[in-house]
Structures are given as structure tokens and as C-alpha cells.
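Given below, in the form of C-alpha cells, are the structures.
In the two complexes below, chain A is the common chain; its partner is chain B in one and chain C in the other.
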Partner chain A sequence: MPEPLLRLQGVKKSYPSPAGPVQAVRGVDLTLEAGERLALVGESGCGKSSLARLILRLADVDAGEIWFEGVNIIQMSDRALRPFRPRLQMVFQDPVAALNPRRTVFQAIEDPLRVHQRPDRAATVARLLAEVGLEAGLGQRYPHELSGGQKQRVGLARALALDPALLIADEPVSALDVSVRAQVINLLGAACRNRGLSLLFIGHDLAVVRHLADRIAVMHLGEIVELAPRARFWTGAAHPYAQALLAAVPATTPAEAAAKTPFVLQGDLPSAVAPPAGCSFHTRCPHAEPRCRTIPPPIVQLAADHWARCHLLTPGAGTPSLGSGGPAP
Partner chain B sequence: MRRLGLGGWVGLSLVLAFVLIAIAAPWLYPGDPQDRVGRALIWPFEDPALPFGTDRLGRDLAAGIAHGTRVSLLVGFAAAAAAITIGVVVGSLAGYLGGLIDDALMRLTDTVQTIPGFVLALALVAVLGAGVGTVILAIAVSSWTGTARIVRAEVSSWRERDLVLACRAMGMGHGEILFRQILPNIAAPVIVLASVVVAVAILVESALSFLGFGDPSLISWGAMVAEGRGLLRRAWYVAAVPGAAIVVVVVAISLAGDALTRALDPRRG
Partner chain C sequence: MSLLQIDQLSVRFGATMALDSLSLAIAAGETLALVGESGSGKSTAALAIAGLLSHQATVTGTIRFDGQALTDWRGVRQGGIAMVFQDAMSALNPVHRIGAQVVEALRLPRAEQRVAAARFLDQVGLPQPERLVDAYPHELSGGMRQRVGIAIAVAQNPRLLIADEPTTALDVTIQAQILALLRDLKARLGLSLLLVTHDLGVVAETADRVAVLYAGCLMELAPAAALFTSPHHPYTQGLLEARPPFGTQAPMLAELVEIPGQLPRLDPPPAGCRFAARCDRADQRCRAEQPVLRPIADTLVACHHA
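Here is the complex of A and B:
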């Protein structure tokens, strides 16, 4: 099997806090093929953004490996990493915070090209502005003169400037008005298709990623609890947490509404300083059993490309109604 | 034209006027301003050739003011430039690098800040001897702490923004992130502080000269006020004219600094 574009293996990261180390990422394994679009979903504080920063080497992992284009980028120095930087770019959640208020749109998009000494920068910037649907005249404007959607387009143009192989989009539309979200999502999808780009889309709203992702990974408290292709996920999500996220997506057709099972999560995300023993979701899981409170759940393979981390999917004292059941570990 | 406001225009015009006077002083009033030009204590406007009158020794006060402008502005701007440079370097290193370097630099700042600036200036002048260079040095080493604190706070808050992550993700070096991306954004508070430091430096220089610690070979507003101190009852203008010059230049610099902050912010104007 050829090496995927991106492969994470046992990635862990914790941050110090007055209450003790916050375990933001607690052992993540994930692969991303070239040209694939993967959505990483979960609620605020589950470690999605931390994971994005680790992949970009904006923070250093505590343990684990991150392989990008066949190279483990974990041990690389900043200098050695520099040639890899253009291959891996990111779009940030809040375009206001990610753009420099004192640099024009042109300068913002030119910055990455200048840093890597690319030729024909003015022409490249003009081409990028057109690609993200901004008028050439906007180049001389400052960020505060643009709308939220326009700012995020500038953020996208800047990320695309170096022609990356992988684009990480960290909640790129959460800070935008609902009316412009679809435009930015479509733009992102079009950029990935036209450029054959891999996308790691981080979000908390399944409705947003529905039309964008090839595969969906659900993250809960620093762990990936379910990983499935989009179509399989939408009809057969196995983990109770994934089902809860799905239940929160508004139905778009009467048939969908009728098929929906009402399921509302109770309580908040448990503390990442002291994650619950056993399954991290047991405090909120409506189906929790005694073993869920003590034994960490196994990873169960439900199909060739469908995994979930849940006791209820294994034969035992569980309720078999939840999933199709998998091979015993 | 961006809005400067009435105060801004007045302040900038006055600062410009003082700068022109300082440059033109040797041509306006050739020769030594300490020379006697007429009888003692001619009141202002008595003699059209001597608009500010003369002091106890018959020296032209207008010539003294013009030549004193050179010293005041030189000390004010040079000391402020040095203080702001030290403050920006210390503050950016502390704010950007954080950790132990931050702690060390900030404790140094605390230490310098606990020493009263004027007393430090007096001590330095007493040790190194009176002279314009000493006065500039004394003011610079005692007035960079405010800048260092503000710059550190601003840089460390900018450092946490996604902008810096975006720059690092594109492979930009730390020097460029700090100088090209962060520092231009904190120019506004630094310019305000610079104007305050210039004003304070002019005041400190005047106070040192008033106490007789100024450069004895140069005429200075503070020394002129000291000169007129004994004549307050008989000829108050001898102290009031240089005193007014000090007040006007300090207010003008403050107004100009305020206006520049507003004019330099791309989000306004």
C-alpha cells in the first residue's frame, strides 16, 4: 500500500494549566490520501484545533508521529521544515484575527510568495484574487474595508498562494454570516477539485461538512471515536456520540424528519484535565453500561473503511441494536 | 487628507515653528545670546527691536529663547529616540520570546522603574559632569521603562493571534514576523508615548538647568527661568517668558502626538 499524503500515529498533546495538564489530543491515528477531503467534527474543546496546529508544526507533539509525504515531520527543525511549509497550508477560523490590519489584501496574499521568493508575484496574486472571486481592485484595500466573507476569501487565497498539497481549514465559516457560509464552502470545494488538493476540514456542524467531505471523523475529548465514508456515516453512524451529532442536524426533507430519532445530549463535554475513566463519553451516553465506566472501549471495525470506538458494538452485555456488530476483538 | 483635528493642526504647526526657530536661531540672532544688547530690564514690547525685553544683565530674552529652543528640542528628541529604541527592543524581545528572557527583562524594567527618574538623572549628571550628552543619556536610561512595558504587552497579545500562526505556517522568520507584521500594529501607542517622553525630557532638561546641572556653555530655558527667579516681584517676565516657552512646546508636542496617532491608524480617518 502506498504511503498516504498524511499519516498520524498515536499523536498526543497536553497543555499545562493551573488545574493540571489539559489532555487536548489523546492518541490520534488518522490517514489522509492525496485528493481526499476529510471532515473532522466534534464540539468546542474536543482537540480539533490542537490537532490542526500539531499537523502544521505550530505546536510540538508530546508523543506520536506525523508523516507528511513520506517524511516524519515531528523531528524536523524549523529550518528543515521550511521547504515543506508551502505543501501544508491553513485557513483560520476568524479572518479578522488571521489578517494583518495594516497590510493590504495584495500584501497579505503576496506575503507567502515573498517569503518563498516566488517569481511573478503580482501576476500570481491577480490570479488568486480571481480564483477566490474577488475583484482585482480590492487588492489595495485593507482588511477592515472588506466584509467577513471577503476577508475569508483573502485568507483562502493566501493559503492557496504556495500551491499546497494539503489544506487545513479550521472552522473556516464559523465566524461568518450564515448567508455567506455556503459561498465560502463552495469556493473551498471548488478549489480542492480544481487543484486536486487534499482537505482536512475541521468543524462542529455536520450540516456544513455534508456536501464537502469524502470521509468524516468524529472527535470526542481528544480521541477519534468514529471514522466512516460520508454516505455510510450519514445512514449508519455507530457511535452514540456521532448519532447525537447527526440528530442535531436539521432535517431538509419531510422523509428525513420522519426518520430522525430525537436525541439530545445531556450535560457538557467532560474536563480534559481529568477525562472520565473507561469510555470518555460514558458520562453523557444514554446507553452506558457498567463496563463503559471502567474499561476503555476497543476500536471496532464495522466495514472495510468504517471504525468506531465503542463497547456497545462488541458482543458482550451490550445492546446489539446500536450497530451492525463487528468482529470480536 | 486625514482628520487631524484643530488641536492636531495647532500642535503640529507649533512644533514645526519651534523646529524652524531652532534651525534659524544662528541667523536670526547671530553671535552669543549671552551678550549684552542694551540696558538691563527692558520690559517686553518697550523696544520694538527687543520684543521680549532684556534681563538683569541686559541680555536679549528673545535671542535666549531662540537659542534655548535648540537645546530643548535636541535634548527632547534625542533622549526620546534613545528611550523609545531601548524600550521597543526590550519590550519586543520580552513579549515575543516570553519565558525566562521575558522574566529577566521585566525584572530589569521593574528595577529601573523603582528608581525615580529625576534623581537618577541628577546622580548621573553629578557623576559624569554637566553636558548635553550626559543629560540625554540620563533621561534616556530613566524613561524607557514605560515604552518597554507597553510594547511587551502589545507584542505578547499580538503573538497569540492567528496572524502569527498564519505567518509561521507559511515559513516566515521570527524577525520578519516581529518587525513587519507585529510592530507596525503597535506604532500608535508608541508614538503617543514618544510624544510624552519628548515632553518629559524637555521638562527634565529644564529642571536640571534650573537647578544648575545643565550644560553651562549653552543657554537653556530652565537656566533662564532660574535667572529670573530672583526678579519675580520686580520683573516677572524674565522668568515668565522662558516658562511660557516650556509650556507651549510641551503642550504642542502632546497635541501633535495625539493627532499623529489618529492619523496613522488605517481604520480611522
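Here is the complex of A and C:
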């Protein structure tokens, strides 16, 4: 089998904290094919951004391997990593913090081209401005003269400047006004389509995730608990936590709100310093059994391209109905 | 009679026109959602009603609560009105215990404070309220802090609860809990609820009626069901259409429907209709003459061509 664009194996990371080590990423296996769009979803603090930082080598893993374009980038020195950096780019949630207030739009987009000594920079910047839907005249402006949506367009142009193979977008539209979100989502989608880009999309708005992603990885307390292609996830998420996330999405109309079975997950996300033993979701799971409190659930392969970690699932059985304790399917 | 009646309320901050001639009413027991994006004036309206505007604000117009005109726009909490904020952490005092903060406004004798505080914490669904009264804000999760914020509001025995983006900072799972709590409190205590939000999903889950603000102006005021099924204002239509579809039966789109352009500056605001620069129906008249609200069926709409 050909090597995927990105492959994570047993990736772990913890950070020191006054209360003890925060186990941000607790053994993640994941692959991303060229041109694929994968979404990482989960509650705040579940380790999504930490995982992104590890892939970008903005932080070092404690254990595990990260293979990108056939090379394990974990042990590489900064120098050896240099040729790979342009291939891996990031769009941030906060476009303000991502831009230097003293650089014009033109300079901001040109900077990565200069650092990597690319030719024809002015022409490339002009092409990028057009690609993200900004008028050429905007190049002379400074970040404070731009709207939020325009700043995010600049952030995208910057990330695309070096012609990456993988774009990681961490909540790229969450900070934007609702009336401009669709513009930026469309731009991201078009960039992936037209450039054959792979996308790792981190987002909490499941409607946006449904629109953008080919596959969905659900993360809970530093672990991926379900991985499914879009054709299976939105109608047949199997893990009780994935089902709870889906049930928590607000209705799209008052009629839908009135018709739906109310389901509210009780309790809070457990601490990442001391994740619960057994299944990390057992403190909140409406289906938890005694074994869930002590035995970590196995990965259950529900179809060739769909798995989840839960004691109640049966291999190859597709998506089970988990009974009356949980959300309506 | 309406519990709250707002007439021609305008608020300026220097050259910025934050709110332009807002008129609306809230009935007893009703949930009104005030929907808008940044700069739409939704928080300004909420703060004016709660009497919490800053000293820089210039205010004209009237607000009547229970028939009484409110005259102080700042610094004075209006009796019968309580407010819950987006950022519960900054609304709480980090060095004071939770219990003391919940009953602070009640001026109870010391001996009664603990029991009263625990009762309010219990009312908002917090576990082990007797122990929680001694906790400090940083010991709680974001969702628990928001519940404390709601307990503080409930302790003031309000008839109108104003909640400004109460779930925006929370995860969807916790958002669902807080929305359920607000619905429950409203039913149990017979409150009116003014819910300020940018999220149409939150509106769909909670509102009886909806006021859509754009760039300081009320664009559409409608019963919630009508707003979602037959929006009249081009901006409301755009907002609803731009949402990525969701649900097992929802279509997969190649591209989302966009609202072109960006929010206008308000210092000063554009002449004519504030939405004209982004509206595909805009004409000369739209750019020159500001539309006034007029009734269409059971909706009020500010648009020349709706």
C-alpha cells in the first residue's frame, strides 16, 4: 500500500501543570491521504490543537511517530525539517494574532516566499490575493485596516503561498461574524479542490464539519474514540460520545427543536490531569457498565473504514442502536 | 400590557451610532431573542435595559419596565431586571467565595447567607450546593461558572432575565445544559427572557419571538416560527441561507450561499439602508432613504422591497 501523506502512530504528549502532567494527547493513530479533508472534533481541551502543534513540529512529542510524505519528522533537526516546512501550513482561529501589525498585507504574504527564496514574488502575491478574493489595492493596507474576514483571507493566502500539501485549519471561522463565515468556508473548500490540498480541519461547529470534511475523527480526552467517513458518520455515529455531540447540536428551526427528543449529556468534561480509568467517557456515558470503569474499551472495526472504541460495539455490526438511555439516533 | 417597552432607543458612543431608534416590547413570560453580529447593537441594547451602559454613551428614547420609565442608563441595577454575561469568569470576583457572591445583592443577615446561597445554587442544578458555597470561581469549570452567574441573577428575583451570549464561550454539550436550564427557570419562575445571541441555532431552541439587528438597526421582528419559515428581510434570508445544512436528511452542498461583502462602519453609519452595500435588491432609493419598519403578516420588516 502506498504511504499516506500523513501518518501518526502512538503519538503522546503531556504538559506540566501545577496539578500534575496534563495528558493532552494520549496515543493517537491517524492517517491522512493526499487530497483528503479530515475533521477533528471534540470539546475544548480534548487535545485537538495540541495534536495540530505536534504535526507542525511546533512542539515535540513525548512518544510516537509522525510520518509526513514518507519521512518520520519526529527526530529531524530544525535544519533537516526546513524543506518540509512549506509543505505543512496552518490557518489560525484568531487572524489578528496571526498577523504582524507592522507588516502590510503584501509583505505578510510575501514574507514566507522571501524566507524560502522563491522567485517572482510580486506576481505570486498578486495571484494569491486574487485567489482569496482580495483586491490588489488591499496589499498596501495594514492589519488594523482590515475586517475580520479580510484578515482571515490574508491568513489563508499566507498559508497557501508556499504551495503546501497539507493545510491545518484550527477553528478558522469561529472568530468571524456569521455573515462572512460562508465566504471563508467556501474559500477553504475551493483551495482544497483546486490545489488538491489535504485539509486537517479542527472545528466545534458540526454543521461546518459536515460541509467540509470527507472523514471525521472524534477526540475525547486526548484519544480518538471514533473515526468514520462522512457517508457513515452523520447517519450512523457509533460511539456514545459522538452521538452525544451530535445530539447537542442546536436545532436548525423551531419546528425541529420542538420535534426532537431532548437529550442533555450530564456532567462536565473530566480533568486531563487524571483521565478516568477504563473508558475515559464512563463518567458521563448514559450506557456505562461496570467493566467500562476499569477496562479500556477495544477499538471495534465496524466497517473497513469505520471504527470506534466502546465495549458495547460488535465488529462488523455497523452502527448499533444503544437503547433508550442515549440520544435519538 | 408588555413587561418591557422600548421606544425609539438610540445610543451613540462619540461618532459611532451603536443603536438607531430601536422600538420593541417584551411580554410577561416571553422569550425574545435579539440576534445580530458584532456591531449590530445587540449588547448595547441589553446593557441599556439593564442600566449598565458606560459613561461614554449618549442615550435618547425611553424604556418602560412594568409601566415605569427607566431613567438611569448606567451604574444602577434596575429592580426586577437581572443579567447573565457571556464571560462568567470576568463577571465573578476571583477572590470571593461563590456563596457570598450569589447572595451579595440581597443584604441578608450573615447567619442566613449560606443557606440562601446553597438554595440558589441548587436551583440552577449545581451538585453539592452546600459545599460549593465555599468554593472560589477558579475551582469551577466554565459550565459551572455560568450556572453560578445564572444563580446570581436568579437571586435578585427578576421578572426579566437578560442573557448576553450566555453559551458562546461553552462547548455544545455544556451549551445544551445551559439552554435547558434557562428554559426550565423561565417556566418555573415565570420569567421573561431577553436572549442576546449571534447563533440562529440557539434562537431556534429557545425563542418565542426574534428581533434581527444589523448595524444598529432593527431589520425584522417576527414570531420565531415565522422568521425561520418565511423570513422577509434580505439580511435575515441571507443569514438563514448561508448556514451549512445540518441533519440526516439535509442536502450536501458543493458551495455555501454567501452574503457578499462585510459589515459597514458605523462612524458614521452609511446613508439609506445599512444593508444596501451587501444586498442584491438594493437600488437608488435603498441607498438614499432609510427604510422604516412596516407590518407584513405578523412580522415587522424594515426594507423598501420586502
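Note that the second predicted complex is superposed on the first by the 301 of 329 C-alpha atoms of A that agree within 3 Å, B and C clash if a C-alpha of one lies under 4 Å from a C-alpha of the other, contacts with A are read in each partner's own complex, and residues count from 1 in each chain.
Throughout what follows, a contact is a pair of C-beta atoms (placed from the backbone, for glycine too) under 8 Å apart; a residue touches a chain by one contact, two chains touch by 3 or more.
Everything numeric in this text was worked out from a predicted model, so none of it was measured.
Novice: Looking at the overlay, what does A:Q301 touch: chain B (first), chain C (second), both, or neither?
Specialist: Touch partners of A:Q301: none, neither chain B nor chain C.
Novice: For A:Y142, using the defined touch cut-off, is the partner it touches chain B, chain C, both, or neither? Pick first, second, both or neither.
Specialist: first
Novice: Would you sort A:Q9 into first (chain B), second (chain C), both or neither based on which partner it touches?
Specialist: neither
Novice: In the overlay, answer first, second, both or neither for which of chain B and chain C A:E256 touches.
Specialist: Only chain C is touched by A:E256; chain B is not.
Novice: As a test of reading the superposition: which chain, chain B or chain C, is in touch with more residues of chain A?
Specialist: Touching more of chain A: C.
Novice: After superposition on the shared chain, which partner residues are touched by A:T31: those of chain B (first), chain C (second), both, or neither?
Specialist: Neither partner.
Novice: Would you check which partner chain A:L99 touches, where first means chain B only, second means chain C only, and both and neither mean what they say?
Specialist: first
Novice: Give the list of chain A residues in touch with chain C in this complex.
Specialist: Its residues touching chain C are 43-44, 147-150, 177-183, 185-186, 189-190, 204, 206-208, 210-211, 234-235, 244-245, 247-257, 262-266, 268-269.
Novice: Per the contact definition, I'd like the list of chain B residues that touch chain A in the complex.
Specialist: That would be residues 161-163, 165-173, 176, 181, 184-185, 266-267 of chain B.
Novice: Mind listing the chain A positions that touch chain B in their complex?
Specialist: 53, 56, 58, 81-82, 85-86, 88-90, 92-94, 97-103, 111-112, 115-116, 142, 144, 155, 158, 162
Novice: Inside the complex, what are the residues of chain C that reach chain A?
Specialist: Residues in contact with chain A: 37-38, 141-144, 171-177, 179-180, 198-202, 204-205, 207, 224-225, 228-229, 235, 238-239, 242-248, 250, 252-253, 255-260, 262-263, 278.
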